[in-house]
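One chain, subunit A, links the two complexes that follow: it is found with subunit B in the first and with subunit C in the second.
Presenting the complex of A and B:
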């Protein structure tokens, strides 16, 4: 079958578009791979002339490593709080019939972006100030969790809805208590959904800039996402010795978490019916 | 082991639907009992109320000598197999079977023991370490049964136990289920919408409609003497012929024929009746094709022939348009258009009231009919 020049042109245009898109996403990755090991890291990409000087410099930076630890603490608390509460709330909302349940969920989802978004910056700051939770990792983690919970509940409720009620009823007929039903049946069966929320919450919290920036005023408390902005040399221009290595370190936990969870549970979105 | 006693039981859903409506029922110890009815008749709700998964609104449920009406499902000593089997996908077959023991915090060793002991009897021994997802439908059903048996409950409740199996497997599983129930002697109540399943398995059947029992009896009673046209219509793999007729000169006039009524009935001239006759109980009168008026047989031309294997279901159309079905042996299958004269076998014609649809009975009415009348 012969194809005309119009077809050829369409193919070429298609591949050019793909190539541009690919480059758009690949170039930052390549920069992240090369710049940390370059003696004179810039904003362009070039084959590095291998050095470990940047790494040493980053490790000597007074706040770089602390901020990564801060990030970990902040995200672990926020992830744990979000996952635990979202799981329980989603299960309850999936099983209990209350009038206006779906409306409530949609409203929560809608408002959550407002509540922890830019619009609520001032009230949140004032509230946290009055509660004495400024510069508190825990307080900041709670606010982040509060922002993530509606979406997490919304997603998890779908997973919980897919768990057949007969599983729970069956366990109940065999004499299982509510807690046993939850621990033996509901949680294991909805594990893929919970794993999804876990990763989603961690990644969201890890990349959250605005809330920690507002609520953690002390530079020794700040997480990596906030510190990254302040990595400047004395002249005020970006500190390109530290930033590449720091960015690389900053991206590792998310990648590791994704790999671990994907290996253990697999993001297959089968709603827990087939089991793992 | 124990029987079940249900008194004046009603289960009302929050939306006001009376799924079970003032129902009385006694299931004897060791009996294999079927709750049969079309969907929405309340049979599953009744079963779930026995299990404690639905709260009884009124009345009482007793198992053995214990009143379990207000007990939690787990405290009733019942075992239940769900329609979808409800096997836990994240547990192995052994863990599934031993789950009731795990709930009671029994040791891992006794859990494994119970799983091995129960599974051996159900030829599941080789599958203990598989997961439910890796089993066939029939195997899954046996695992669900094994799990229900492992608890050593007083009563076994089965919700549509065979409906998730394909037709071929269903027959096998049916035989298996009946043998298992006989061997265990366990009081078993099962819900089904398939009348053939109920007839084949049960010692007694309760035919339900709108939350109450229409007829209660052995499969033979329910099949041979349905108490009303609803039951008559529902029971039987080929539907019963229900023909509108009139009482005239002490005979039943139906589809242009005059049939002798069942003996011992007080029939009032001119009352409308419904003549009920199973296709299996109609016989072709040989050589009567040319007879016309006034014969004790229904005349009609063969309209449809459906092959059922050993027999064929023949539908004849009478002069007034009435359709009558009858089964004939395969070697006597008539051609379409043939004129036939058919008569009911002696004692097989049933008459129902033209208005209330209740069986006109000469015998002292049996319990179920009496019960039903008091309901109506």
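Presenting the complex of A and C:
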């Protein structure tokens, strides 16, 4: 097969196109690699004049570490509640014919996409305001869980439907009680599905901006997502000593989870939430 | 595993939508652990309570708040009155609301229907043929832009679009151009294309795996160009995916709050999409009743798209 100049040109054009696409996605992220370590961090990318001063300054910021701890607390509650409740519900819906189950599943699927954080922000705010739960981390975590549960149940139910029932049946034949079957057979077998939901819920809750922004008005309660936004006009202008390092610190858990999941399963989960 | 279904568990997407629905349900319904109906209901109850309180109730309450003159402060905050359809009528005559609807349509068309859709497909199509390391590199950049927290991503784009020293101005040699002020909607559209393309890329990658290689080979042998192959061989196989993908990303984009982080709706409402409009009316303007009425319209829009989406899934399953 002869490959003439036209073929060569096409190959070159092809790789130029790939390079342009790669640049489009990669260039915005370079800031996260350079600005945190630059003596004069700005909005823009340049080769850093190396320093660790920004890191020290970030750790000295009165709310930086607190907000990361807040993020962790908020996330752990929301993730634990979502995973536990979704696992229970998904198992029961997968194995037992509860009356009205199909309708329930249909409604859950509908709810998971229709009622978004942005479309329901007003009633959620008003409700939490009237319940006196503004500035309550626990309350905010529950709201976040409520939003994630329908999708989590659906993903897990689908997963559990694929797990063969024969394990449970044999355990029963050997005289195991329901509780034993659940604890020693069902839970271990569904671990990959539960792990998926765990990671998915964590990344979603970690990145959620809108709900904590609405419901946690006191800076000492705010998670990193909200504090990072506040730093933008602290004292009238962006605090560029703290912002880059803080952005990096705040991103690390998500990137680490991405790498772990990518390595173990290939990319099978989605993080990052859009609009609550 | 039917290759036609996306293998990834995606945001608010069902991984294998109602596959073999009837057969699956019956087999799955065997209560092998001996749970019993009463306990099964007990298992489902905690989740349903949370969903009921924090999702269903707010959605229904939107209807009520939407027909009152409820406000954040002042007399109407203490004792809101029912005003009937007044809020909806004022929305009809509100230039800012029209503006928000128009900008949302623009945002959805530009960044989701066209931007993410085309770029996602292009990436899935182009990356089939490249070396694994290059493919992995490009894919991880696309995925990272999707999973980084939105507040971080906002700063990344401030650094790209900044007036002084921004990367784009340095690349184009246009110092002093304040992109977010001069071209706010165009900036948001490019930004959101960058932000959300990963979903379409993943979906189309798995959809393309379902196109029979023999048909692609035939197309190559008869000398079809890349475009002809996509149009005549690939597209008929992935038509359903294009439709469901477009519906989902449109729904998410219309509800996306990230524009608030970049432009907060400004300058002078020039980038105020519906979510930002609702936020500003409710929390900055204190008009909770009016904002609720507008939210209800957004909810109804979502409902419409979701119903079409579910119908498509059911037909395919």
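To be clear about the criterion, the second predicted complex is superposed on the first by the 229 of 276 C-alpha atoms of A that agree within 3 Å, B and C clash if a C-alpha of one lies under 4 Å from a C-alpha of the other, contacts with A are read in each partner's own complex, and residues count from 1 in each chain.
What we mean here is this: a residue touches a chain if its C-beta (ideal position, glycine included) is under 8 Å from a C-beta of that chain, and two chains touch if they have at least 3 such contacts.
All of these numbers come straight from a predicted model, not from anything done at the bench.
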Does the superposition put A:81 against subunit B (first), subunit C (second), both, or neither? second
Going by the contact rule set out at the top, does A:151 touch subunit B (first), subunit C (second), both, or neither? second
Could you tell me if A:228 is touching subunit B, subunit C, both of them or neither one (first, second, both, neither)? second
Once the shared chain is lined up, is A:169 touching subunit B (first), subunit C (second), both, or neither of them? both
With both structures placed on chain A, which of the two partners, subunit B or subunit C, ends up touching more residues of subunit A? C
Output check: A:48 vs subunit B and subunit C. Expected answer is one of first, second, both, neither. What do you get? neither
Is A:250 touching the first partner subunit B, the second partner subunit C, both, or neither of them? second
Which partner chains sit in contact with A:27 here, subunit B, subunit C, both or neither? Use first/second/both/neither. second
Pick out the shared contact residues on subunit A: the ones touching subunit B in one complex and subunit C in the other. 169, 171-172, 185, 272-276
As the complex stands, subunit B meets subunit A at residues 51-53, 72-76, 78-80, 82-84, 86, 88-90, 99-100, 102-104, 131-133, 147, 151
Using the touch definition up top, name the residues of subunit C that touch subunit A in the complex. 7-16, 24-25, 27-37, 39-41, 43-44, 46-48, 50-51, 53-59, 61-62, 65, 70, 119, 122-123, 126-127, 130, 134, 137-160, 162, 164-167, 170, 194, 196, 199, 202, 248, 251-253, 255-258, 261, 274-275, 278-279, 282-283, 288, 291-292, 295, 298-299, 302-303, 305-307, 309-310
Which stretch or stretches of subunit A touch subunit B in the complex? 164, 166-167, 169-177, 180, 184-185, 188-189, 191, 272-276
Show which residues of subunit A lie in contact with subunit C when the two form their complex. 14, 17-18, 21-22, 24-32, 35, 42-46, 81, 85-86, 88-89, 91-98, 102, 104, 106, 108-127, 142-143, 145-147, 149-151, 153-155, 158-161, 165, 168-169, 171-172, 178, 181-182, 185-186, 196, 200, 203-204, 206-207, 209-210, 214, 224-226, 228-229, 243-244, 247, 250-251, 254-255, 258, 262, 267-276
